[in-house]
């Protein structure tokens, strides 16, 4: 099978990472590469690391350009995917790396993003309980946000063993903030500095984490989420904690995590005593995970590491494409990071 | 007044920072510089940034070398300070940058550090309620750990408004881990990577944070503490949270923080909407702080930034020396960071 | 003496560094702080590290705002200084951190910058032979470019001992590129990457280096200059080399460098075998320098390190202010770096 | 064909990178993984990014362990390869990532490394003129040093067009210095700092660059080489220059470079106006290259970027294995970097 693929938003970080992964995928052929303001320029200018596509010229992001491919990856600012997708038939698999179709609750969408809710699509985190089945044969996939991916995978096995209020502090590299030129994202500003932002429940990924954990729990789970920006291009390390419910033990916790991920190809529960580093997952689709119990507080602490552009965005997108099209889920993806 | 100063451990990071600050202090003269294995070598080799002292030769760390100075700064691995200090009379002010004399509870010392407890000294965090008075005319000062400094200052004003269980995730630069050559601290390992360590209550600064907050609260405060290592040499950003007690409001919180630090020269509560960055405090003795309430969870979230070597170690040491000797507390210290 | 100071361009990197240094200068009082697009905003927003000035509001950069101060520092994009300066009388000392008045040759200005040449001012590199006298009592000072500062100081003592063609490869942090938001300067782009730019004699600092060395040589010196961008905020390390003239020896070279800088307070020739690092000069006005001879090629190699924002810009500006006003040249400046 | 592979020095950076690449190579099966002091420990401890091999236990580096494989990669400190290789028959392809067999001149070996010369092996830089043929069917390969790789490829096409004296300043990430814990390589030391080392012809890669260029030239080429250490884990950017011979033009230069690399799968001469960045080649076997002529000096300037661990070490090792065994040269290798 050779699938013909288009990528909208090919000059940005998410689009570039989709292309990087697709260049190593044995079943695809890369078709249209589209962009907004960068249409008309060569890909080399924007993605100098994608040498095999260096001479490709970006075209305008329109439904006409994207139509006629088997799969279309959308890597667009939020608010742009719905309109494009509506013009593409169900013969096209549309994988949206943006936020438009992640939240199921229109009220939540309105509160956090504003404007009309475009409706939700199958949510592309197959490692959540029951989620993989939603993705088989899907024609539309909403790729999760990077913080929700790492946080949800770090905490989902704990549901039932912890009280329904969790605290997540996730430290991230800068590529998650995108490629638009902003002063506070300049190298001079971020190198040698750490900063918190979206504190106190102000970050848009908060409701998405809550949605995932609440779905697993079958009840409302509250999330205190704080993202921290650190001086590295890629990687998220999430430290997640919650009070154990009475009677839950450290052994219960270990068993739950081992069981949850025993058969998952990309989620790796480390041996006890080893802790995740983002360096170890750079460029890979792996999640490295560890969990412990702080016995002084009877509090579970889970730490997980991902590459925000890979498993946090483009890797998940390719994984979901594989699932939706009936390919082996791991095709073109790796658990081998680039380190040091 | 000209004070004659000695620094033990002058080839390490803490000792180097004490010297950097003392070189800008108008009332001191720098005497003996001592070291362990580096005795006999020139300071330039170890501290190439301290040009005015470049040709000084390090001598062996012994009581004889240190005696005869007005102030002795100890920047030694834990376990070494007590013996040296015991050999210095009360005519010498001894400021210990190490951990030996921070914990007041011998049982806690034994659990976390092992060995016999050397006894506690006046604790060098003058911004804690009531603490400044303990430091005036002190002859011995225990400089706080870097994580306890930033965490305690971030949460102390909240005591009474929050439940006595707090969560702290503190992201730190690498210099806090010291200058001993270890593989996991190599530049190749830390650049481009984030890692958690001492998770689940395993870090020795946990009981020190708990001690500080419990003293303020007059009751036991439990602390879930996770340190994260990030790729920068200096700086700690601590994200601290706790559930509000029933009836406490965001306005109460704001008022408590404003009142607590209104007259503090080094703790700067930022205007609402601004968040701390460690880059802004690099090299300075300032603490930048912000606090908010997450209304979805009725949870207080405070974020604070310090330079771990300055306010987190050497700056506090100099501040306490000033206090102990009756100098203006801010002498030789600054709230101006080196940025970008 | 209390000098009243104004800074134009106070929201940028050069302006911020001038202010950082002036906050530690005992003879100045900080008056007007002006900006372009940022006029009307508080300084804290742009310079969160300058806490003592946090609440100052930036005003529009106009001659009216700047008039009435003893010293005006201009930290503006090139092309803006001449017009402002023309409106300020000779009672005001104007120190221009920009490029407008550095080149003496109108033809060179036209070739490299374009537009009409605004004329040259006394050149603010007092360590060049004869240059200090030009700066005493000056009313206008052109602060050198950062690359010309480090390159000229690294090579000036070699003039006469080397052939008049030199090669300079200077690696720089990102702050030299300024604070305007550009995609290629994003943290995500610069961290983990090295890039060359302005290669083959295309960088505007090339003629300035040539001008300095030619003036010292009394003949035309040709300069092959390549700047390299590296992932750090501050610092330039310049590697400079040139063929020895017949008969010149390594001993001649050493003697020339020792003599040249024996009495210079800021230029530090390191002991043989030690090599400069930019980390050691961070935040300081020091130049660390080493020189050797490659005996296989009879080629001199000099390596020098500065902080591009300090000695490379704002430190030189303050040093020249001191000189022009008859203050001790080192007032408010330091040779102590902030490391690690 | 399935080749059975062993890696000696599997816990270090070069060994880890060989393994990373081999995990993506379709024709190999990974056998013995050996180490020195780390023998007996699991690979996960040292190479947490190589999840598929996480549970492998390192064995002692001995000829017995390595024998019985089709290919043995040696990633050992220099001085250790010869002895091991001598105990392996010619039925084993031995690819040495160390320095032992690179220099052809025993006198040069003695001067730069000391001790007896172990003899030279076919030199693993197939892109040098005539070199590829030496590698076909080879049973022993000496993988080039990282600096010689990038410098030789940047300058080889210029031979004949430039005078036989070249200047190379190469900026490198820290992984080239290896994984042994040394104070000056700590993250705290290297982040935020640049340093030169091995200046004035003191670095051991100098004679290797000279050997390569002299072989191409058929005459002695002299090399002024300065390495600079910069704060990133991987990547080398080399700036290379030399005076044009009389009559050589910019057009001649362009044509020579285009011709030299037109058919090379890994060396990519960028379109005029684009300049290499190391970020674009991270993790890949690509060389990005640009060349220009500085018309003010009639001097050629070439800039090239590689990943020092990939094309600079392990990528070249795999490329040479492919060549020696008659596999397509690009098998298991990529020109796609991991960026940003």
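Letters are used for the chains, namely A, B, C and D, taken in the order the chains are written, and counting of residues starts over at 1 for each.
To be clear about the criterion, contacts are C-beta pairs under 8 Å (C-beta built on N, C-alpha and C of every residue); 3 or more make two chains touch, one makes a residue touch a chain.
Note that this is a predicted model, so its numbers are computed, not measured.
Steps from chain B to chain C, minimised over paths through touching chains, total 1. Chains making contact with chain C as well as with chain D: A, B.
Among the other chains, B has the CA centre that is most remote from the centre of chain D. Mean C-alpha position of chain B lies 44 Å from that of chain D. Centres computed as Cα averages put chain A at a distance of 37 Å from chain B.
With touch defined as above, residues shared between interfaces to two or more other chains in chain B number as follows: 13, 175, 179, 186, 188-189, 191-192, 231-234, 277, 279-280, 282, 339-340. Partner chain C is touched in their complex by these residues of chain D: 165, 167, 169, 171, 173, 186, 188-189, 191-197, 199-201, 206, 222-224, 226, 228, 230-237, 239, 241, 275-280, 282, 290, 292-297, 299, 301, 303, 305, 339-340. Chain D contributes residues 13, 16, 20, 23-24, 44-45, 47-52, 54, 175, 179, 191-192, 233-234, 268, 270-271, 274, 277, 279-284, 286, 288, 334-340 to its touches with chain A in the complex.
Against chain A, in their complex, chain C makes its touches with residues 13, 173-175, 177, 179-183, 185-192, 231-233.
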